[in-house]
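Both complexes below contain subunit A, partnered by subunit B and then by subunit C.
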Partner chain A sequence: MSVLAIPVDRWRRPALGLLGVVLAAAVVEALPRLGLVDERFLPPFSRMVTGLTEQLALAEFWTALGQTLGGWALGLAIAMIAGVLAGVVIGSVPLLRAITSSTIEFLRPIPSVALIPLVVLIYGSRLPSALILIVYAAFWQVLVQVLYGVADVDPVVRDTARSYRFSRWGVIRSVVWPTTLPYVVTGFRLAAAVALILEITAELIIGVPGLGRSIGVAQSSGAVTETYALVLFVGIIGVAVNGFARAVEKRTLRWHTSVRRDLA
Partner chain B sequence: MHRRTFSVLALSSVAALLAACGASGDGGTTTADGTTNVKIGVIPIVDVAPIYLGIKQGFFTQEKINVTLETAQGGAAIVPGVVSGQYQFGFSNTTSLLLASSQGLPLKAVTSGVASTGDPSKDFGAVVVKADSPIKTAKDLAGKRVAVNTLKNVNTTTVNNVVKKDGGDPSTISYVELPFPDIAAAIAKGDVDAGQLVEPFLTIATGQGNRQVVSNYAGTSPTLPVGMYFTSKNYAGQNPQVVTAFTTAMNKSMEYANAHPDEVRAVLNEYTKIDPAVQKTLVLPKWPTTVDRAAVQQLADLAEQDGLITKKPDLDGLLP
Partner chain C sequence: MTVILDVNGLAKTYTGHGRSVEAVRDLTFQIRKGELVCIVGPSGAGKTTLLRCISGLLDTSGGRISLDGTAVTGPPAGMAVVFQEYGRSLFPWLTVRQNIELPLKEKGLGRSERAAKIDAALEAVGLRDSADAHPWQLSGGMQQRVAIARAVAYEPSVLLMDEPFAAVDAQTRADLEDLVRRLWHQLGVTVLFVTHDIDESVYLGQRVLVLSNRPTVILEDVPVDLPDERDQLGTRSSAAFTEIRTHVYELVQKAKQGHRPGGR
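Coming up: the complex of A and B.
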């Protein structure tokens, strides 16, 4: 972490990242062109990009994009609110923590996609199906982080606050929350990615309206280029979601030692 | 106790939030002017083109039905949706309905949905092979690897049937389950020797130089009822007038589709992404308005022969 390393690093990392993208695109372009894979089934990268630009001109594409992002944001918001509330409450009460820990460890590893048959039965191919899957998957990511965060509170600081007669709410606001916030943000970053995966899965498998369903329709119409173009765009959304989560992290934790550069 | 309370609380709070987002179904309701809202579970494929045409032609509004189409990615999601009342009607292949009803699911077919063209060389579903494949007739499929979209369903029973009719032993076929979009690629790579395809994949595959061996639909019965529209017995019992209205509108839609193939090809643009060149040339199925009971019986017998069902399905209960 020398002083000199910072500017070089700052310049080099995006450049290397870009180089990686260019190389990956070149490989996808070359494989079908060289005949290593059949281009009827994997079109060259340039054709996927052309297919994508054609998509960008369609109103239905933007509608589907809005549905995907809307479902993602709503599911993520519900999971965040529920996860943070449940985490702070359970984490603050040792008895509750002890009672729920085995249940949480049992429920957490159940893959959300295993709930697909159930949600289809209850909600069919509509938004609530996607929301259940998203909330189920993302909730645990947030909850577990918040539990760790609450457990990380310095007992001396908490006891000090108590001896100064801070109310329960005051302790949560001034002691528990600042310690937990970095964990909440980590949970948010994990949950944001998981929520997108589940939104697309629900659209593709169940047929909930959105880009995933557009991929499914393109696929069942034998429109190979269009399928890949949409898959490519979903990948771009993934990168954007991750970038968004990192930006939120930087902004929320600008006071925290892990983000502040002046302390490094 | 606490544990239980917690999970109940977590689940019910999610449910409450969902309800606040408007999760409650609006299907099956009737408005003041006597129009009934119905949700219909369909798969976005060529087979259901008549319902899209019928909605555009106003056949459903004439019968005071306001249709909302919900597209599922597979028939597997539609049957449970209809049973649970999520959809009032659904579209499914006939063998799946026979399997479901032999397992005791309370389903009721309301009208035909899609059927073979009856022309073995020009049907909407067939078995294809590579152009230079040694497989020339159905009999040659014996002992080969054949890709189908679903194991133990209409496509395996009908392929078995045409192979047997041609003098081959269908028990020697090894079936490989692959989604329709992947079958042509598997044939090209040699992963399978043949594949059962339906439109538009059939036209795409033959356009890419593959050869059609036999139509497993027309080869089984010239009027083979491949798919049907259905509802639950519960809904049919409580809403006989809606079922009659839906059947009337659906039959009008199918008659219209049979008479206007160009409009069928055009309506495909609205819910599929089929290439325009393929849209023009693909083989359209037949949309009869009556269910050929003998052919359904034949499908049931084939399913029984192949061990898909052990109990004879109650055709009187299932068919309209």
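Coming up: the complex of A and C.
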């Protein structure tokens, strides 16, 4: 019985997840076919898929995808490095933490899209526009997580490190960083999603080259199916990004309570 | 024998939030090189405060502590602490071997020297086979062995133990007590062992320092005239053990009732 139960349990979640996708696709297929929605505005799902396969054959599509992923990765990398460095430094110095906390709370909720007029004035529809929006949005996600992480160092672990006379750098490298790592990974996952949203937004609104601009062009030229196909593909990128972040999490946090299997 | 740890007129008053609490009033005692001394007292007697002051983790409000003739102002080089909370004192992201190695790395020892000390320490606490496990994969008693191995490998001139066995079961506790006696014999290290368990203090120590209630002073310095070879069954059932144990027990009861020597 139990021998059978294990694989059933194991496949249950992915199987249900897949079922959800199939159902959603079936609804999108059925709505226009049954005439409940005008298919000029919502083509059936199968036609979106066909539209997507046609896209996959075009060189422009792959160029745009490369531009999107490139901008996303670069912006994310800058936000990660800046967020981690600033977080560790601010979090390690109580005075700095006290001075900056109100400023951070003020700047953090400002939506990145509110900066669009500003970046358009400075950089126009070039890559730096997208980068600024991405970095601004993703940086806070990382910074706040890292600040939580640095504050989470166990006092007993801190005492242990102090009693063995760890140097300041030794404490950061061997105590603060491993404690903060789970938070960094969470920050990465949040930032990766936000960065993708801002990259597409910058392309769509400002016209920075990439898939977002392709969507905008398709939409304004009335190519409804193509528009949906591209949107669908952006969604797939989002899922892939999240899956990638989770894989990174599993690998780096083998020892953490959220991943490990304890003896007891 | 030379005095290795000299505590003279130690006082500690906690201040903050507009009130002050006098935890330790006046503690004076000496520990000679190679001794095994236990400190016992009623709960809330400031045992942990005392130990944190000696280990340099906590600033004192008065008096002098010196280790090997050098005043203690921060965690001193020749001291290692075994904390009660072994589960939190060990670094969960490191293996057993890496946990023992980290303080040696911070001390600046070379690779081969570290390896030799780690192997010796693991052998001494009987954990050869668990070197590559993570601490959380081990039982509580084994985790505390790792913490002891880490302290022993550091080769301190004084080993401080803060109620190290308060959180393990009775059988494991007896094993660990014998381990401490054996390591003390083998390595010739000076041990200061803080406990709330009267039997444990008499079984382990050559002397038992009994503390008063708060603000703490020393109630009595009780010599333990028991044979050097001790075993859980024979020693604990001997008449001499019972006599010393009864005496210490009465002292602790007096301390609880607020009895203080010379009206201090």
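Methods note: the second predicted complex is superposed on the first by the 250 of 264 C-alpha atoms of A that agree within 3 Å, B and C clash if a C-alpha of one lies under 4 Å from a C-alpha of the other, contacts with A are read in each partner's own complex, and residues count from 1 in each chain.
In the analysis below, a contact is a pair of C-beta atoms (placed from the backbone, for glycine too) under 8 Å apart; a residue touches a chain by one contact, two chains touch by 3 or more.
Just so it is clear, the model here is predicted, and its values are computed rather than measured.
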Next item on the list: Considering only touches as defined above, state whether A:F166 meets subunit B (first), subunit C (second), both or neither.
Entry: second
Next item on the list: Check whether A:T100 is in contact with subunit B, with subunit C, with both or with neither, and answer first, second, both or neither.
Entry: first
Next item on the list: Return the chain, subunit B or subunit C, that is in touch with more residues of subunit A.
Entry: B
Margin query: Touch test for A:V175: subunit B only (first), subunit C only (second), both, or neither?
Written below: second
Next item on the list: Name the contact category of A:R213: first (subunit B only), second (subunit C only), both, or neither.
Entry: first
Margin query: Please report the subunit A residues shared by its interface with subunit B and its interface with subunit C.
Written below: none
Next item on the list: Would you pull the subunit C residues touching subunit A in the complex into a rising list?
Entry: 55-57, 75, 77, 79-81, 83, 85, 88-89, 91-94, 102-103, 106-107, 134, 136-139, 154
Check: In the complex formed with subunit A, which residues of subunit B make contact?
Finding: 2-3, 6-7, 10, 13-14, 17-18, 21, 23, 25, 39, 41, 43-45, 70-73, 77, 80-81, 84, 86-87, 179-181, 184-185, 188-189, 200-201, 204, 208, 271-275, 278
Notebook entry, point to check: Which bits of subunit A are touching subunit B when the two form their complex?
Noted result: 38, 40-41, 74, 78, 82, 86, 90, 95-96, 99-100, 102-103, 107, 117, 120-128, 131-132, 135, 139, 204-207, 213, 216-224, 226-227
Next item on the list: Mind listing the subunit A positions that touch subunit C in their complex?
Entry: 154, 156-157, 159-160, 162-167, 170, 174-175, 178, 181, 255-256, 260, 262-263
